[in-house]
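Below, each structure is written out as structure tokens.
In what follows, chain A forms one complex with chain B and a second complex with chain C.
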Partner chain A sequence: MITDKDIQKKQRLDFTSAWTYDPAPESSDHVTISDKYDLFIGGKFVEPVSGTYFATVSPSTEKKLADVAEAGEKDVDNAVKAARTAYDTYWKKMSGRDRGKYIYRIARMIQERAREFAVIESMDGGKPIRESRDVDVPLAAAHYFYYAGWADKLDYAFPGRKTQPRGVAGQIIPWNFPLLMAAWKIAPALATGNTVVLKPAETTPLTSLKLAELIRDADLPPGVVNIITGAGQTGSAIVNHPGVDKIAFTGSTQVGKLIQKSLAGTGKPYTLELGGKAANIVFEDAALDQAVEGIVNGIFFNQGHVCCAGSRLFVQEGIADALIGKLKDRMETLIVGDPLDKNTDIGAINSRAQLDTINGYIETGLNEGADIYQCKCDLPSSGYWVKPTLLTGVSQSHRVVQEEIFGPVLTIQTFRTPAEVIEKANNTPYGLSGGIWTDKGAKIFKISTKIRSGVVWANTFNKFDPTSPFGGYKESGMGREGGLHGLLPYVELI
Partner chain B sequence: MADRIDVQKTYKIYIGGEFVRTESGRYYPVTEPKSGKLIANLCLSSRKDFRNAVVAARKAQPGWAGRSAYNRSQILYRIAEMMEGRRDQFVAELKRSGYSAAKASKEIDTSIDRMVYFAGWCDKYQQIYSTVNPVAGSYFNFSVPEPTGVISVVAPEDQPLAGLVSVVAPVIAGGNTCVVLCSEKSPLTAVTFSEVLHSSDVPGGVINLLTGQETELVEHFSSHMDVNAVIYARSHKDNLKRIQENASLNVKRVVVRNEKDWTDAKHENPYTILDTLEIKTTWHPIGV
Partner chain C sequence: MNTKIHSKPDFSITFPVDQVGIEDRVARFNTRSIKKDSKKFALKLALSMVDLTTLEGMDSPGKVRQLCYKAMHPHESLADIPSVAAVCVYPSFVAVAKEALRGSGVKVASVATAFPSGHATLKAKIDEVTYVVNEGADEIDMVISRGAFFRGDYNFVFDEIAAIKEACGSAHLKVILETGELQTLDNVRKASDIAMYAGADFIKTSTGKIVPAATQPVTQVMLEAIRDFYFKTGIMIGMKPAGGIREAKKALNYLVMVKETLGSDWLNPDMFRFGASTLANDLLMQIVKMETGNYQSADYFSND
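Moving on to the complex of A and B:
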């Protein structure tokens, strides 16, 4: 006898065998990467006092792209002093209108050089060119453009109060959206009248250094933006420097806690944008195909190196089999490989260290009894790669459900009632984002107000905009970036 | 000898809407500053008392936040009404704690007026802090404030009533619940304030009031993993540093409000409410 299940099986489409794509590589001929990069301090590139350099490699080829200076304590001190001088000499005296014009310049020049930035971002970080081209770079430009306009309108931002800049902002950014995170940090800081010492992550320094060239070309007063490279020790020197008036950090919750602790007793204000473990909740009445796209975008966007990734999928029981079947079919169409290929959906894992972390979690999940499903796709022979992965048969207490994996690994759980899924979704120390899929508006608002997180996407996921505040509840951090709320961390209200 | 032997009050702590003694069985004497005469034996609250209070505060939080803003506003206003009715009692207690009549009057007047002030904000701050965000895409995108959650509060040591009201009113106006350490040497008005709360329709657990020692309790106020933020309104630098270090255990927000004069009108502003709010942004597609 033929059952419904057999019919379903027969009707499942075969996406893998007949569908092939010719390579469509984005050219990198027009991009120049120097052999060696120094520190951008006081408006020019200077050799590090530390005398040391480290290599930045392409995670898709494992080949070295450039040597980059490692800023030591003395270098950090020089950068902070340059920022202080720039604050006292130029920036705090300048009108908001003129500050704004400089920031507009940065926005426009990024747009002009968008292709170059996109290619370098993909080479240095491993993300697909489609994403760096269509998301990272345009959003970075938009962020500068948005905050440029605030610079001469700050008197209207906070009713009853005027704003005063904090002074020198020390900013530390992660490797998952290097140019975009630099924009999230630099744009509001400059608009509100602060000067900046920014440190990009050690695995992805190149677009920040290219940005330094651009800022120099834009003729910003020397020292208003200083960009110094290095690893954790450099970051720690920025955090602990007494001349820094405000700290803004984006990165892991673990490091965020260390920063918060080391700032205790200093009176230095700080904002933290940390990890997440977002619940992506699909109700029975959701449009399934649309939800599948959202799930894929939620967890596989940028190889899952996204703090707000929809890494915990909750499916209402009645549709679980159908949805997971569709999800697997869709996953088989994903193209994993060369980040510079315009067909690529999923690029390289950012570093060997992160590759080890992700593989370690997959192993942990299996040891804890999870069932695994991975795409059948081939992986390139060199570089760091992880196949898009589903872990099913997991529960709240599993480490893969509780901890941030920061890779293309999705855990799947089922639920019966809204109350149950709210309980499960909130049962995490994180609170950065969440997703809801349903056809019913009232249900969206009911669930979205119960989810304890700073961003909720309804029938969409991983959308960003400069006007839209972003940031976490609970252990996902404090403070908002983007929008009017994003001004507040950089000002004192008087 | 007096005509009548007066009935003295037992000053208890207030947890989950109930007047309880500390589970530790410990006490400390509070005396009249001039005569040295014993006023009462106050509870020397323990870590366990604090933990019980956090459980009560957590339990009460969703319900309190879920009430309509209009309802919360009326309840805060009701607190002010009840304080007005007990005005003489507050003045008498402040005088026993060494306040002059004029200072005591100013303290209670400020406290009542400040409660009315924040009552009025309960259904308005949302409109100040919300935004509709013009994103470049087909989405209706908006940001609204939500309460941070459970807040532990180390209330001011001086100006024991005006200080307490100034730090607690914004917290509950914003839909949070709290556990408060009251003034150690002048705790009388704080305990009487808990009786006001009890008769003001404030749900049990929304405000929990403990008496005791700062140096003993700040450790627990700042390290408890189910507390979302700490407000520190005193001036002890070592204790503040300890709070800020412990806060990193679960990324608590730390709000420092070390002020000289709590009767100053500058404490009346909505930005103190913002200190214990989180901004939530929701993306909703537009389409058919």
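Moving on to the complex of A and C:
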């Protein structure tokens, strides 16, 4: 039996003094990055008519990795024409089985070159190699495998209906999961018989260009996939091009709204995957240590550059102190730094612009009276970094609670009853994802059906699978990607 | 203030543990890449935490003496090799081990309480514990009554541990939960709490007689129980996974779990042990590899 004299003063845990890990960098010797990349149009790399190039830098070192072509309107036009020709000449005539063969080939080749893709993704985007190696690249391959399987089974996808491809799909993807988002876009489009013009984000073009090399090596008919680089202007030229039959966009809500405006009245179908401000709800009967892990995974995965990040934490009042204490301890074990180090948990912020945005929000939170907690970790001297951050003492009226920060910043609010937390969770213009932590199965079903968002995770967070549809309510977007639902935007049902 | 913040919880209430979450956490620990000096440090640390164990029907004084020599001098051809933490034997060999280890700092641990089944009367168990304490054992490894645990008689389990603890006197008490029989992580958590509140100095996964013995998910649940107990009472309880840990790489995985769950204060032989017999030689082989750059044949490492 413990007696009173055994009781000592509670101390915080010490995670550093006895043993620290030495650097364990993943080698980048096997990776070749050219000095200059052109546009991938009609199965070959061609110089841009625009004649201009821009630099892509590593956010962890601020050093230039390569120059990348900027596609102008004429280049976009050439890419769309190449896609149209490929559609008419090869792709729409090809059997589903043969299309599937090409998609399977892409999937297998991504697996074969997985290490190269993972390293480049971490160099160009700043995400830790642990994530690019264990999440981005395997999931990208899984998407191609999954949709390759659909290519010859489309007659069974929508009972009683036949499918017809839409034609040329214009696809614009963000910088947070470059290779994976390319897979989410390209795989269903090809499986359903469409051809593609894809534009990666201007800060992370390299894995898409490597994918272009892979697609060339996979011997896809020329022009079935065209990959062109550039910034907002290029994206806008794709959206407004009359030869594009369908638009798929993943990115900010702000740009999504612009796309909706441009497309209004054109009859051009589109899917939008936009921002989020997910509520992650922890009830007092949850497995707390596992909930802490889910909170960390929800907000600090990929530096918080995740549209479905669990950025608003709601904790039942009775366990708030215990949970936040555990969360702070856990944060002290996070390793922030070199994205290529195999032990890094949190990498670099993707760009200078995003760094400014995040720091701006932290300042806003402080000005609005929030309390702040940041990891005690040291940050590298060059590159773009933000310490994992908690903002407590905030309410629904705070801007940091209302707006998407897209960084490693978690706001924490408490609640008393299920009704209260449901109301607060839904009191946002977004509706992409949510999380519930409780040991009680009935509560999971009761709460999750009332959360108005596309995905609700229970006792886990940020889990993805190609068979599961993904998409948003309200300003988080329209249309679904992934699963059977992900075929629908790329076909006409007849 | 007279509130007893440590007062015994109601053990019939199950503390929530999520198995999927635990397994995810373990998988993430195992992605830690331990290189260079941090690896060398960890290998030696792990060696210093080993409870070198022999618990067989065919054990004899000669065998125990050989094991004790190995415990004190794991690999004499290399300098700076620590001795292991303890030698763990059956009660009848405590005196032999005590004599063989005299002055070395290596502790003598003895299993007791009708190891491994625990099916005996409380009186017989206390007599056994008293015997090994008198023989000079520094540490007692007891087993909990799983039968009583499964019939829901948590107070019986608690009282038994408390009684054994009293019989231990100044000897350290390690409480073996036999997690391979408890099977669910809920049970592991509950048994850990019962043992700690009843006075265990260490909680230990297994006897080594049941498969599975120590696993990482089970160990993680126990480490989290130790952490919660520490936050509630300020008392640091030690942890000993036992059985099934044979490779140095696995041992490093366990150290990562300890480091990132409980922190530096638990990274020493006073607070963490490996119950193992073959692990020591793999640790030695890896240490020699780090020092010389080459793997040596297993024949260069003594099998005592």
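Everything that follows uses one rule, which is that the second predicted complex is superposed on the first by the 479 of 494 C-alpha atoms of A that agree within 3 Å, B and C clash if a C-alpha of one lies under 4 Å from a C-alpha of the other, contacts with A are read in each partner's own complex, and residues count from 1 in each chain.
Going forward, a residue touches a chain if its C-beta (ideal position, glycine included) is under 8 Å from a C-beta of that chain, and two chains touch if they have at least 3 such contacts.
Quantities reported herein were computed from a predicted structural model and do not represent experimental measurements.
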* Which of chain B and chain C A:P429 touches, first, second, both or neither -> first
* Should A:T333 be classified as contacting the first partner (chain B), the second (chain C), both, or neither? -> second
* To do: Figure out whether A:A287 sits in contact with chain B (first) or chain C (second), or with both, or with neither.
  => second
* Check whether A:K257 is in contact with chain B, with chain C, with both or with neither, and answer first, second, both or neither. => first
* To do: Scan A:L272 for contacts with chain B and chain C and give back first, second, both or neither.
  => first
* Asked: If you stack the two complexes on chain A, which partner ends up touching A:V31: first (chain B), second (chain C), both, or neither?
  -> neither
* Asked: First (chain B), second (chain C), both or neither: which does A:G471 touch?
  -> first
* Asked: Between chain B (first) and chain C (second), which, if any, makes contact with A:S453: first, second, both or neither?
  -> first
* **Contact residues of chain A, present in both the chain B and the chain C interface** => 459-460
* Asked: How about chain A: which of its residues touch chain B in the complex?
  -> 142, 158-161, 253, 256-258, 260-261, 263-265, 272, 274, 429, 444, 448-449, 452-460, 463, 465, 467-471, 473-478, 480, 483-485, 493
* Asked: In the complex of these two chains, what residues of chain B are touching chain A?
  -> 128, 131, 133-137, 139, 141, 143, 146, 148-149, 228, 237, 240-245, 247-251, 253, 269, 271, 278-285
* Structure fact -> In the complex, the residues of chain A that touch chain C are 1-2, 4, 6-11, 13-24, 130, 134, 285-291, 293-294, 325, 333, 342-343, 439, 459-460
* Contact footprint of chain A on chain C as seen in their complex -> 4-6, 16-18, 20-22, 24-25, 31-39, 41-42, 45, 162, 165, 197-199, 224, 227, 230-231, 233-235, 255, 259-260, 262-265, 267-268
